[in-house]
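Here chain A shows up in two complexes: once beside chain B, once beside chain C.
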Partner chain A sequence: MVNFTTTIFAEGELIYTDGGLLAQYAWLLVLLPFVAALIITFMGKHLPLKGAEVALATIGLIFLYSSALMYSHITSGVVNEFFINVGSIGVFDIEFGWVVDGLSIMMYFVVGTVALLVFIYATNYMEGEIRYTFFFTSLTLFAGSMLVLVSSPTLIQILIGWELVGVCSYLLIGHYWEKKDNSSAAMKAFITNKIADVGLMIGIIILALNTGTLRISEILYQATHEYEKLSTVAFIAAILLFIGAMGKSAQFPLHVWLPDAMAGPTPVSALMHAATMVTAGVYLLARMFPFYKSMAPDALDIVMLFGVITLLAAGLIAVVQDDLKKVLAYSTVSQLGYMVAAIGSGAYTAALFHLWTHAFFKALLFLGAGSVIHAVHSNSMLEMGGLRKVMPKTFATFIIGTVALAGLPPFAGFFSKDEILASFNHEGEITFFFIAVLGAFITAFYMTRAVSLTFLGEYRGHGHPHESHNLMTTPLLALSVFAIASGWVNIPGVYTGFTDWVTTRKNKIVEYHPESFDLFALSSGLLAGLLGIALGYYLYQLQGSAETGDDKIKIQPIWSVLENKYYLDDFYFKYVIDPVKINISRAVDKFNTNVIDRFVNGFGQIASLLGGIVYNNFDQNGIDKLLNMSSSGTDSFGGKVKLLQTGKTQQYLMMFLGGVVTISLLILFII
Partner chain B sequence: MIVQPVLVVAAALFSLGIYGILVRRNAVMVLLSIELILNSVNINFIMFDTMLADAMMQGQIFTIFIITIAAAEVGIGLAIVLMLFRNRQTANINEFDLMKW
Partner chain C sequence: MILPRKSKYYVAAFALLGTLFSLAPLVIQWANYTSPIYAFENSFVVDKFSIILKGLFILITYLTFLLSINFIESDKYYQGEYYYLLLSSLLGALIVSSSRDLLTIFIGIELASTPMFLLSGWKKGDRKSNEGAIKFFLLGVLSASLILYGFSLLYGLSGELVFSNIASYLLSASLASSPVVLLSAMLVISGIGFKISIVPFHSWAPDTYEGAPLPITAYLSVSSKATGFVALIILLTKVFAGSGSSWGVILVIISGLTMTLGNLVALQQNNPIRLLAYSSISQAGFILAPIAISGITGDYQDGIFASVTYLIIYAFMNLGAFLSVHLFSNYAGSSDFYEWGGVARKSPLAGVLTTIFFFSLAGIPPLGGWFAKFVVFRSLLGSANSIGIALGVVGAINAVIALVYYARISKVIWMDELKSVNEDKIFQFENPLKVVGVFTVLITFVSGIFPGIFSYLGEVSSIFFGN
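For the complex of A and B:
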């Protein structure tokens, strides 16, 4: 049963529509990847491209569909949601469905675009690798799970999508599970996320119990209309949801899984860091933003605090990493910190705008890094260098990504980062503002360092690297177009279409959006970026670090603290994992063998004894004997009767005649 | 109308037919005996029709039906016997026990 709900609100001169057929059939977006995954699983190995073509076709369709949705949204604005009721638990209707509004259409488009380019790239990158077909199954499922999550109109579907994304990330991070490191990285990602998921789950339960519904739009309606029952639990629910978001969006101190997730193949990292996983937390916060804004402003302050801590802490670690992918991973954590902090400061559009631009340039950077790694067969930047000559296309696109991330105009990152800084400044969070500017400086610095060590100077590795295949460089070129231009959709004072896209929501958004450039924020951000690049260039290029690959800035003891990631992993091992492992796990194990197993074994023995008695006496001697007797009786009787069937016509006629005579006599004399 | 002699003739014919069916070994003769039985029935029909002076002449119409069906039956029966003879080189009805258990 499809429950057709249309809610339209008008703001300014834009007129919103229900989206028509395009919105009604948006469920295709969600269903297609799952169908494709089934097809790849069962038929993939027999297809000419080993299942990649099914994945590509599916994601291509998704890209086209989401582009069409995006187009119709830009031209006329679409707000609609659809529900399918699948049952109920108590008073709660369990509903699935799909949302088409600014936020989800933006996410569809990001997932569709980035996933399509990553898939194209992966067909070449993964060529000849182990479990190629399974890789595409998981990758398709990964994109599909994210679409389940972002299309969700109910909290229950968000939870399902959330867990599906977690499972798929586990499969993909552990793609090369033969190596212990990789499988433990997968486990780490899964368990860290799981811990955060508990927060999300409890948060959802609290919200559901206090609102009587699982529909997000109704919860947001109650939140914006100051329902008293909800307001009493709003703070705790908001914090719990944020804990969930902290896990998926890798916020300090639950960010530890993300850098280790680099164990997966590079296309996975690109997809995960740009579109399909780490954005989930930011998406959840954005989806619930009216709730946070109107009912839990205190929780928003905490969100902002964690965001700012993350952006600085992760940025600093990125400076000391030698693994190219890990630099990018920490950079992602840091940029997610920007987004979360922006949401915390109330700048909804700014956060999503950064998510949007970041998705493109971070996917570009990861695919670029993958291209380099594919060429030199190493992740370590110490074994790279001088690659600009041999890999010109990768170099050029990587530079575009770097500049976009560092935030120089007119590249994408400049506009989004500037909007976040402007919001901080507007909110009067001057401390956080300067930390964010410092973060921008660090970002520019570590990216310059990475570029210097990778592409400039002389080659320090082995073999002769060469430019990657066209299937890998074409997605890079396409993404670099986005990395340049995706920021132009939201230039204050010039064109602010993006604001209209993402604020098109069923429940009206109250947020800060700068009308024109904040010159103070603009100049601080730009100055920080330029300084970072200049310092990086000075230290690694002019001082010649790129030639030898060693770092000039090894200032003790900061360097070792950063190299050990603030000893956070050690802390977790010593105070969380080991105590659990040594005390609780052992106790549970003992309890299990001594109490539960004994119980279970005892029951098993009793059951088998009883079964034996029943089998021997009742079954064998009772039922079986009866059945055997009846069948053997039928058999022997039939053996005797069949002798009458001689096949001789005249004997039959004789019997027939005898019968007729007998019956005639009976009729004549008896009746 | 003299009923009794005609009934006796029909009964005799019927009994002859039954005897022939049960005793003759030649399949063609068995078919012939069946014809005898049918004809005895025909005689009865005609006789009762005439005796009752039925305006609709149902007895005669039935007789024509029986003759028609008998012709068809003999046609099929002879065809079967012919095929059996071709395959077995005999028309002895006792040899045909394919439908034995």
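For the complex of A and C:
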């Protein structure tokens, strides 16, 4: 059944190999988590570590395998794809399979690394929590679903992975389902994502119908060579795929689920915000990038617009949050805005480069936040403060993550954000460039605020917080290494290996790539970051304190608009959810019972009326009389009955037929 | 019926074995299949299409028997009649799938539905059951007369009974879009519309479903619906194929209304059976959509393929969903699913099965319902017709709405707090029911992960349409 297709029609001067056995067995990456999930489900509770060891071993293997792939890709370049045909519907084949190329190997590595560290962390973080074994099952499935998605050579497998990720996130966000808020947050995530998923599904079907194939590489080939097949639908398909991406990658206005998804345990948030789920949308746009670039440049402008709106809108909300995890959540939304905007501006590598660095430092920040929350038993930064002294390791690593996010050299975020800014500048999008710089300023500001409220000053909570277990701090240390160094793989003019990794694909990537630092972009971004940090430090440390810092920037009515998240949730409830759920649905329900049922009941009444007439006249008067009168002579009786019966029966038949004709006419005219 | 009461349980065994055994001729027919075999002067045909559907009907009936065993044993009498009536209905369904003339198909349709009038009123003392059965019966009579009237117009016009003769007569006399034929088509659609409970002929379904014993409800929502759909597909494509552009538009509107109304009303239900009733009304809209569009585009082969694929997947997952409701309402003793908080923890197996069936109904991959929806959307969007695309958009919105109530049940049974009255009760999950659950869940999974098993249906529907 396995169909090894290695018809490579890549162009350009890329040098690559078919990856050999390592590529042929890459399906293990996808299959292992599902096997592990089964083992944990059925045997987990009887194992010494309650199933966590199976999850760890699996994810460890995935990490090793993806590292080996990464090594082989860096040294010799690997491009290959494999298909398993599972049948056909109508014109096109349904195929599953796996793809090994620069983009997917980069994602394997990110998922493998971040997931491994998060899993190690979770063994300690979740200790003693309810449904410990089930948690590891879901977490393994979550990572596995993401691997299904990123390994996909066909759109249909992307769709499956896409929804599987959604289902697993539903399980994980609602992990503490005893609290109603959490299960509601899970439902919200699930349904918001489903809206986007339907868009994706329709987009995929449109693409497949017009190209006759579900294979991504062939669709991309057609998009760059046989324009006529796609020309009429390219724009609409591109927009529909982007709607799908907006759901998973939490782009405005479909981002509302992500901050609420904080209800899940912190390791879940770390995994979700860094490596899995939210990167899916960016991954899809990157995977389909040649299609967007060559067939739907107008759609790319829209992508960029939404990205820019998201990066600014979410960044501003992050400023007013008091919940540490929510600050990070809105920060993720904002950073995803950078990535999506970068794709929109045509900067494929820059977007993926930011995805890459962001995965590491955001995982670090979330795990750091988890470590703090674990210690103080609260999410609210108002009950933290002064933790610098008691949690030195967490503090040091959190600072590294913050600086990386704020974009200061030589930390990872500096290089990736700079490349995005540089490509905005190159494209001549000056307005968007300055909004992105403003975003960098805001990012630096809210992260400084968060650090000040959490780690500096005096402790405001209760109890005696202490440093977390080594199992939690070791992943933090490992991630800090990445948060520092992961940006060094793509320094313009020095070493640009990352560009070569992710552009080594079957389909040629045409994009702008800076040869050297764009000094204007570099200095603007750096200045914005430094100013943000300075302002934050001034407001929350030098001039004021945690309690008074917010006062200076509480400018009404902006502050309350931000606190209410632009009233977007209220808007959805008031104008979308409630009308459908309450007004329309109830109205239809009423219509259904009052009009349609009444019609039916009316029919029943007519029938029983008819029955009554027939009973009284025909049965009672006819048959009964017949029996009664049977004694009064056959001759006179026969004549009477004949008259009576034919008359009444005819009447009855006339009425019935009349009813049928009326209904038929009604159907003919109404419909 | 003639056995003494003590040995009544042989009846069940005999019915089960008999049903299973009746699969054997199908397998032999399938294996020896070369070309369609006609019998009784072309009024009866054995082709791959009919063999597959017969297999489906037999399997559903078999599963319904399994669902019924425990229920019917708790009832002291009428065992023989129960199985007898269900088997009669099965025979009707089998006749429908092979029929090629007006009389045969009418007898098949009525033989399939008449026993259901009796079975739906099985709980004699129950007022709801009586109300539902009476409604069902009255409307059933009307529907039969509508179908018959539609047939009589056709017969009067052409003087033929066999479909192919009628169709060629209508073609040669260029009557395909004459008012009489359209009226006849309308009558047939409304008559069968009642069996498949499409809007506006759906209103009996929730009442009848609620009143009938649960296995019968499951059978009604799966097998009776499937029988109706098969009859409709045969009639529309074999007799009324020439006037597709007229009935196509009407069916598209009905299909859109059916999925929307079913969904929106389902949102308001907290009785799980009524919820499933409305959800299966909505699903009927999806099944109808491809065949409706094929009327407009004339690509009947594609329409049949998509509708039948959806129908088969729907049959199993919906049967599973009814099994879940059966289990939990027996356990919690409540007909309000908000009272079912946390019951899944009492029986994780039942909980997992329920979640799978409901997620599959909502169209979440990699479960079968996903593939069914994918096929339907492909057929709608592939029609390259603005009406088809509009219906696709309506379907897309409905797919989202449906998730709300399907996911809500799964959420309640897992995540809500267990009611204290339920804490000490023992969860009953009898073996026959387990067989049903495992069997339907396997099909639900396999059809989602290896949708290739449905690709042969494309060939089958082309053969069906060709003969």
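General remarks:
Simple rule for what comes next: the second predicted complex is superposed on the first by the 571 of 671 C-alpha atoms of A that agree within 3 Å, B and C clash if a C-alpha of one lies under 4 Å from a C-alpha of the other, contacts with A are read in each partner's own complex, and residues count from 1 in each chain.
By definition in this document, a residue touches a chain if its C-beta (ideal position, glycine included) is under 8 Å from a C-beta of that chain, and two chains touch if they have at least 3 such contacts.
These numbers come from a predicted model, not from an experiment.
Contacts of A:G128 after superposition: neither chain B nor chain C is touched. In the superposed model, A:G493 makes contact with neither chain B nor chain C. Contacts of A:P48 after superposition on the shared chain: neither chain B nor chain C is touched. By the document's definition of touching, of the two partners only chain C reaches A:G174; chain B does not. More residues of chain A lie in contact with C than with the other chain of the pair chain B and chain C. The intersection of chain A residues touching chain B with those touching chain C, taken from the two complexes, is empty.
Chain A makes touch with chain C in their complex at residues 85-91, 94, 156, 159-160, 163-164, 166-167, 170, 174, 177-178, 183, 186-187, 190-191, 194-195, 198-199, 201-202, 205-206, 208-209, 580-581, 584-586, 588-589, 592, 596-597, 599-600, 603-604, 607, 656, 660, 663-664, 667-668, 671. Taken in their complex, chain C has these residues touching chain A: 134-135, 138-139, 142, 145-146, 149, 182-183, 186-187, 190, 199-200, 202-204, 250, 253-254, 260-261, 264-265, 267-268, 302, 305, 309, 359, 364-366, 370, 373-375, 377-379, 381-382, 392-393, 396-397, 399-401, 403-404, 407-408, 411, 414-417, 449-455, 458. Of all residues in chain B, only 18, 21-22, 30, 93-94, 96-101 touch chain A in the complex they form.
Within the complex formed with chain B, the chain A residues making contact are 642-643, 645-650, 653-654, 657.
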